[in-house]
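Listed after this line are the structures, all set down as structure tokens.
In what follows, subunit A forms one complex with subunit B and a second complex with subunit C.
Right after this comes the complex of A and B.
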């Protein structure tokens, strides 16, 4: 059941009807049932695995909390975390091996839906219990729901256990304002996914299928398109997930904060896939940094690079994701190493500070556009082929540098412009939604105007909607 | 005075209640007035339109109807039905909302209201989908055909024909390109009116499902052009989403193995049956967006085909090798049974494909199909089986650059032959293999 299907809309509608007409006390149980029904629609076997993981983590959490000795707690936490990571690694590496040895597609292993997300959630929970920042969860339903909560299982966000458990109690009295906000959020997410991301998917697929057919300009355009597609796609599904959660009274964490306007790489990673990067910062980078602190700055840089390689490999055990992580690690180390000098330089030259405010986001954006070529490519060699083909005069290519063949790219000028306008409009809305003054102004507008706006957005989404759409991040 | 004073609030409340009462009255009165107007003036309006625009309407109808007056009257009746259903459903929605408002609070209230709207819209679509007007509103034009819309328009209009017997052309695109209903209707005027209700890519099972959706009680002939494709071809079962319904579930289960038991097509069909909005989604979007998806998909598919017909034939023939046709054969038996139950003859043209494809295909596949069809025809006198030796032989040149679809000249030739067959059937009312004219 894809998020973008009639079946899913019907499922959510039915779930909402049952949820709100059922006695308030039964709502957490119902949410768990809905989550498993959703998961069963993907794979009954994997649903069993998810249930087994939830059961194991529940027992491990209680066992950590009840253990009297520090050593015993540590051993139990390590065992629990190690088992979860082995599970994650086993599936991801099995896929890697089957690809490496070209196994029969019928026999190939499929990674359980949302495995990366629920494993990270559960690892975080066990570590929180061990660090005693969170009491062990006594209610199995609550913990199982935390792992399986259906809006978040496909593509996150990675919600912290404490935040999630704290909201379970509020399920008995859902806030109408949150419900309405959820509907708006879903609409906005659908708009980003269907109107922006899906339109740009066609030129991106074309240029990555065979870069040698395209000019440098077309490849550059393809790289920009992918950066926007990925962001619109991922932030779109996050909006939908957060919105659906809000309909049921559970608000997930934010995942994006206008990342493409970040002044530097550090800020970019604080605004991109925020729930994962903050998770990795807390549960991987900080412990790693602490254990490597004896190495001084070298320890810091090593921790940064390892953290980013982990981010890369989280997407899949492939060389392209490894390189994507490594490249971002290098970006980050260089940025950290030069930050003080840069700050000093610009402080001494206030006139240039204005230029920095513009060039900073531009440079950051282009560095990420470059890194995302690796993210999108199937293999490392195809990524380098893409990068090489972008360089004018590279190889024996007959295609002229500045050619821009719309038909070959699968785009048309007017819809493309509309798509870019839609993108900047969506960014403006995201920016405004974070400012209370703008929110207040919007809600002082006549109800008729607001409803007309929602209807126009919904109509646009319906008109652009195509069947069988998938989300890029649903495969991680 | 303060805007929220009790007096003001009371007058606002009574004003709103007054408005609600007026709306209720309007929703009750509107359908009544519409039916009275239809009864009083429907015939006159239809005859005026017939006199003024009859010729234009006939041209626009492209052979889908013969009597513009009757067509206009039918459309007016459809409009009245849709208006009545809309008014009644609005009343039902208002009643449901009033009950919900008394018992529930937001957000539960919004959820219930949302469901009420959804249910009402589905009921409206279910009612409207039985009318020709609804499908005519979704018509995308002659050059941009949406198959499901076309199918329903023709199905809804076929009963308007005055001929004593009705015939339908069912099956895949081969039926469409082989038999021209206009030629049949010209040759059989006053005897049989033929409507072409093919759907591209249909298997035998899809054809059986489509037959079930044909409502006319005057249906006497089901004509299908059947080559190896609907028996052995690997179609994507998309038609099931459009034609499969709850009532088809028990017979489908009884049909046994041969296709995935409970896949997305079956689910889609059931969903479409329960929620008609799901079923009309694609035609509706094609109407709103223009440039329909099926046409684009077909163009993409055509572009992906091998330019060499021999190469294409080899690939297709390879796909047919070892294909399991047991499910489609069992579906054929049900199709024949359904025709018997409806008292209509099943005319099966066991036709050919392009000789290039025939040469590439393993001859045992055709033998297997023909053995099965002969066996069925021998067992069931209701089946009129037309075999290769009786039908006009089609050569490579008849197919232009295609393996399955003939050109216009071959179509005309074949259609004349089918008209002769039907004429002879009416005259002699006999069946069998040798009763029909040999074109050579």
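Right after this comes the complex of A and C.
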């Protein structure tokens, strides 16, 4: 049952009806049942695995909390975390092996839906219990629901256990304002995914299929398109996930904060896939940095690079994701090494600081556009072929540098412009909403205008809707 | 060491790590109150504090510090 199907919409509608007709005390149990119904629609066997993981983590959490000695607590936490990571690694590496040895696709191993997300959630929970920043969860339903909560299982966000547990005890009747906000958020997410991301998917697929057929300009255009596609796709599903959560009275963490306008790489990674990067900062980077602190600056740089390689490999055990992580680790190390000096240089030259305000985001954006060529490529050699083909005069290609063949790219000028306008409009809305600009003005507009706007957005979504749509981040 | 002595010794460390000579530390101060306080500079701060006070913290202790006051309390225990 895909998020982008009418049967899923029907499922959410029915679930909401039952959820709010039922007494508040039974709502966590109902949410768990709904989550497993959703998961069973994907794979009954993998649902058993999810249940087994939840049971194991529940017992491990209680065991850590009850253990009297520090060494015992550490051993229990380490064992629990190691078992979870082995499970994640086993599935990811099995996929890698089956691809490597060209196994029959029908026999290839499928990673359980949301495995990367629920394993990370559970690892975070066990470490929180060990660090005593969170008490062990006594209620099995709450813990199992934390792992299985269906709006977040497909593509996150990776909500922290404490934040989630705190909301489960307060599931009351719907607040009309929150409910309406949830519906708006879902509509906004659908718009970004279906109208923006899916339109740009066609030219991106074309240029990556065979880069040698395209000019430098077309490949550059393809790289920009993928950066926008990935962002619209992933932030779109995050909006849908957060919106559905809000309908059930659970607020999920934000995953994006206008990342493409970040002044430097450090800020980019604080504004892109925020729930995962902040998770890795707390549960991987900080312990790693602490254990490497005797190495001085070298320890810091090593911890940064290893952290980014982990971010890359979280997407899959492939060389392109390894390189994507490594490249970002190098960006980050260079940025960390020079940030203090850069800040001092520009503080002493206020006139240049204004130029930096423009060039900083531009450079950061282009560094990420470059890194995302690797993210999108199937293999490292195809990524380098793409990058090489962008260089004018590379190889014996007869394609001119500045050619822009719309038919070859699979785009048409007018819809493309409308797609870009839709993207910048969606960014402006996000910017205004986050900073509470024009929000009061919008809600004092006559109801008719607002409803007409929502209807227009919904009609556009339905117009562009295709039944076979999938999300990029659902496969991680 | 007393609370006041630790406070006095911590101030120049904060100023150096966060590259801000005007920082005045308070017990209630957290990452949100200091520009540039992120995961990178936080561990740099811990390393500098460990060196200055000749102590060593575990990751668990570092994770449990909710504000500067908690750090001062931990240092007071360690240097008592």
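Throughout what follows, the second predicted complex is superposed on the first by the 473 of 476 C-alpha atoms of A that agree within 3 Å, B and C clash if a C-alpha of one lies under 4 Å from a C-alpha of the other, contacts with A are read in each partner's own complex, and residues count from 1 in each chain.
Just so it is clear, a contact is a pair of C-beta atoms (placed from the backbone, for glycine too) under 8 Å apart; a residue touches a chain by one contact, two chains touch by 3 or more.
Nothing here was measured: the structure is a model prediction, and the numbers come from that model.
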Open item on the list: Let's test your reading of the overlay: on subunit A, do subunit B and subunit C clash or fit side by side?
Closed with: fit
- [ ] Give one of first, second, both or neither to describe whether A:179 is in contact with subunit B, with subunit C, with both, or with none.
- [x] first
- [ ] Check the residue A:17 against both partner chains and state whether it touches subunit B (first), subunit C (second), both, or neither.
- [x] first
Open item on the list: A:7 in the overlay: touching subunit B, subunit C, both, or neither? Say first, second, both or neither.
Closed with: first
- [ ] Scan A:347 for contacts with subunit B and subunit C and give back first, second, both or neither.
- [x] neither
TODO: Examine A:406 and indicate which partner it touches, taking first as subunit B and second as subunit C; both and neither are also allowed.
DONE: neither
- [ ] Considering only the touch criterion stated at the top, classify A:139 as touching first (subunit B), second (subunit C), both, or neither.
- [x] neither
TODO: Between the centres of subunit B and subunit C, viewed from subunit A's Cα centre, what angle do you get? Round it to the nearest 10 degrees, please.
DONE: 160
- [ ] Identify the partner contact of A:338: answer first if only subunit B is touched, second if only subunit C is, both if each is, neither if none is.
- [x] neither
- [ ] Just the number, please: smallest Cα separation between subunit B and subunit C in the overlaid arrangement, in Å.
- [x] 35
TODO: Name the residues of subunit A shared by its contacts with subunit B and its contacts with subunit C.
DONE: none
Task: Residues of subunit C touching subunit A in the complex - done: 19, 38-40, 42-44, 46-47, 50, 57, 59-60, 62-64
TODO: Spell out the residues on subunit A that touch subunit B in their complex, using ranges where they run on.
DONE: 6-7, 10, 13, 16-17, 20-21, 174, 176, 179-180, 247, 462-463, 465-467
Open item on the list: Going by the contact rule set out above, which residues of subunit B touch subunit A in the complex?
Closed with: 104-108, 110-112, 114-115, 118, 267, 271, 275, 278, 281, 285, 288-289, 293
Task: Contact footprint of subunit C on subunit A as seen in their complex - done: 130-133, 266, 270, 281-282, 285-287, 289-291, 293, 300, 304, 336, 340, 343
